[in-house]
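Input: a single structure, listed below in structure tokens.
Lettered A, B and C in written order, each chain numbered from 1.
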């Protein structure tokens, strides 16, 4: 019973935080320095790990597809398989998981420690709402950066698949053939689909991590607990949202 | 790191993202955003098959536009909305068809040139279409054709190879040749002997050809010639029997060459020939008569003709070299 | 405060000083009663010093006044508005010097001070710079301007926290033990600042302090909190001869080496 109340409370406070942050949107221009800083943290510094991971995801997809599809002589379709799975599913999901692990945890840790060391209280007494200067720039930054991360994840994954398809002897498909099949069976809507997904994931992750951080009570031990909670909730959220967003976009 | 640098990096990063999205968009949708200019034509088909949005429109193989939309029009018609490059004019009698460029589903709309004098189609008008067989139709046609071919081939094979109980043509020939290879060799050797002797002037016939003195001897012995003529006639009859057998087919040539009886007949003939020549050598003036008596000549000519026909007949039955060689050396 | 001759330009209230009134305030954390039915009021422009043993609930009381804690019972009114409503902070400008400083660890000392005027667009960047440097100067922190809070000593942190509150130019100023970690000269400086603000700008001030000198020197009234109850309320003169033996013991504890207190507990 208590847990159910806690979950409902979490959902409620998250939505409340969202509306609060959204109500300060006009102040965003004056906060552009903070916004840029968050863009840097969320986008730029996350890029290398996203690129590395999606390269290997693309490669593994190509390998596995080559292995299973050559059984029925369809391995020339690897390009479309890798292309579609990367764009519609794995690109956004992998980018979101990395965002949760790398950015979500950092946000939760920073805001939790601000809360525990009364910095948030200081902001409140200064009549500077935390939702305005701590949450809004992060939400805006993730909205701008997430599609960039996702499209890079998509493309790097595609190229990973192409390279593996060329140099794996059991597959041996030239990049031209790979990309021509990819092009043939994909429309931009597939990619757009993925970008929208990434956007939803990223936004939800940042919002939830902010909320968990700001609702930390107690001492340093609770900071750690908040970080763990933030990452776990983010991962669950990604998968749950994935289902609903996929359905909604079909 | 200072602020300006950070801002620059974020800006660059964002632009990179925009550029990549743009490139992806261009590649996957054949870039419709800025090329949205151009006029519209409607092409109605019974079925659009595998045609999809973004596919090319080509005229005489040159890309002139793309499929902007595919939609159902009424219950018995599907329409493709084509966006055509404004620089290209399409004649009102040009026809559009769905063309397949690859086996795995690349299609485009092909439009022919039409007649240059016809009016150009205007924006929003409908273009004439014709149905082209799709891959499935072609495949089923091919299937039918294959079945027919197979039937034909089967009957041929039956004839050639036999149907399991009765042997086929090639089997028969093969059997003849292999069963009698020994006899064949013997016969060849005999024949070689005969011809060699003829060449050297040995034996009667050789001498007959090479020695003009015998002329008188031949003329002189008429009786003996008569006997010889009878003997020669026997030879001819025998040869004729052989030829008849060859002509009657059914591995007859094997029988002709290797049948024990026929072989003996040939040997007898050769023996008779020798007897004749012996007699010629013993008699005088005999050959003149032989030459003047054109019955023998005529008989021999008939024989040669018949043999030729036989060889021709053999030739008709196919390029069976082994048999050809045998027949050639025989005659 | 000497920094600026004008009130906060963004102030919605014309009255520069605000009064605080606490009515039957009680606070429970779980089952623990921290504040028990406290009632008193602080007049506009008054310096009120709150004293009391450690753990008696002084900090919790201050948090109620700025609206960081919600009362279990009773209410706190600041300038006639309920302190627990967010709205109140829009209308009344308050500053709280936290006991632990509560500096923004991710910002430099300068940016800590400049955050409030920047966010509320009190002045342009040059004007803000002037204000900030002035506040730092008063508290002898000029050299620490570009340092990060983690590079400061305890006393310096406390001074930065005070400087940050000064820059805010509030109508109601709350200090939570401002002099606890400072040397005597700096303590005297803080006392002088508090008195000056009151004299020149009519700022209402509530100070939580264990510093008897400060209390008796600048306070208009002194309240003593013990175990969550207000046990004494009066002028510094009245406190020189306390009637309540608990108050007398608290203010003028005798150090009796022959009969130490911790041994009394054992018996």
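FYI, contacts are C-beta pairs under 8 Å (C-beta built on N, C-alpha and C of every residue); 3 or more make two chains touch, one makes a residue touch a chain.
Everything numeric here is computed off the predicted structure, so don't read it as measured data.
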Determine the set of chains touching chain B that also touch chain C.
A
In terms of CA centroids, furthest away from chain B sits chain C
Comparing chain centres built from Cα atoms against the global Cα centre, which chain wins on proximity?
A
Chain B and chain C, separation of their C-alpha mean positions in angstrom:
111
How many angstrom lie between the CA centroids of chain A and chain B, rounded to a whole number?
67
Indicate the whole-number Å distance between the mean C-alpha point of chain A and the mean C-alpha point of chain C.
44
Of all residues in chain C, which are in touch with two or more distinct other chains?
none
Of all residues in chain A, which touch chain C in the complex?
110, 113-114, 117-119, 121-122, 124-128, 133
Residue numbers on chain A that touch chain B, as the complex places them
33, 36-37, 39-40, 43-44, 47, 76-77, 144-145, 147-149, 151-152, 154-155, 181, 183-184, 186-188, 190-191, 195
Using the touch definition from the top, list the residues of chain C that touch chain A in their complex.
63, 66-68, 89-90, 93-96, 98, 100, 102-106, 115-116, 119-120, 168
Using the touch definition from the top, list the residues of chain B that touch chain A in their complex.
3, 6-7, 9-10, 13-14, 16-18, 20-21, 24-25, 27-29, 53-54, 104-106
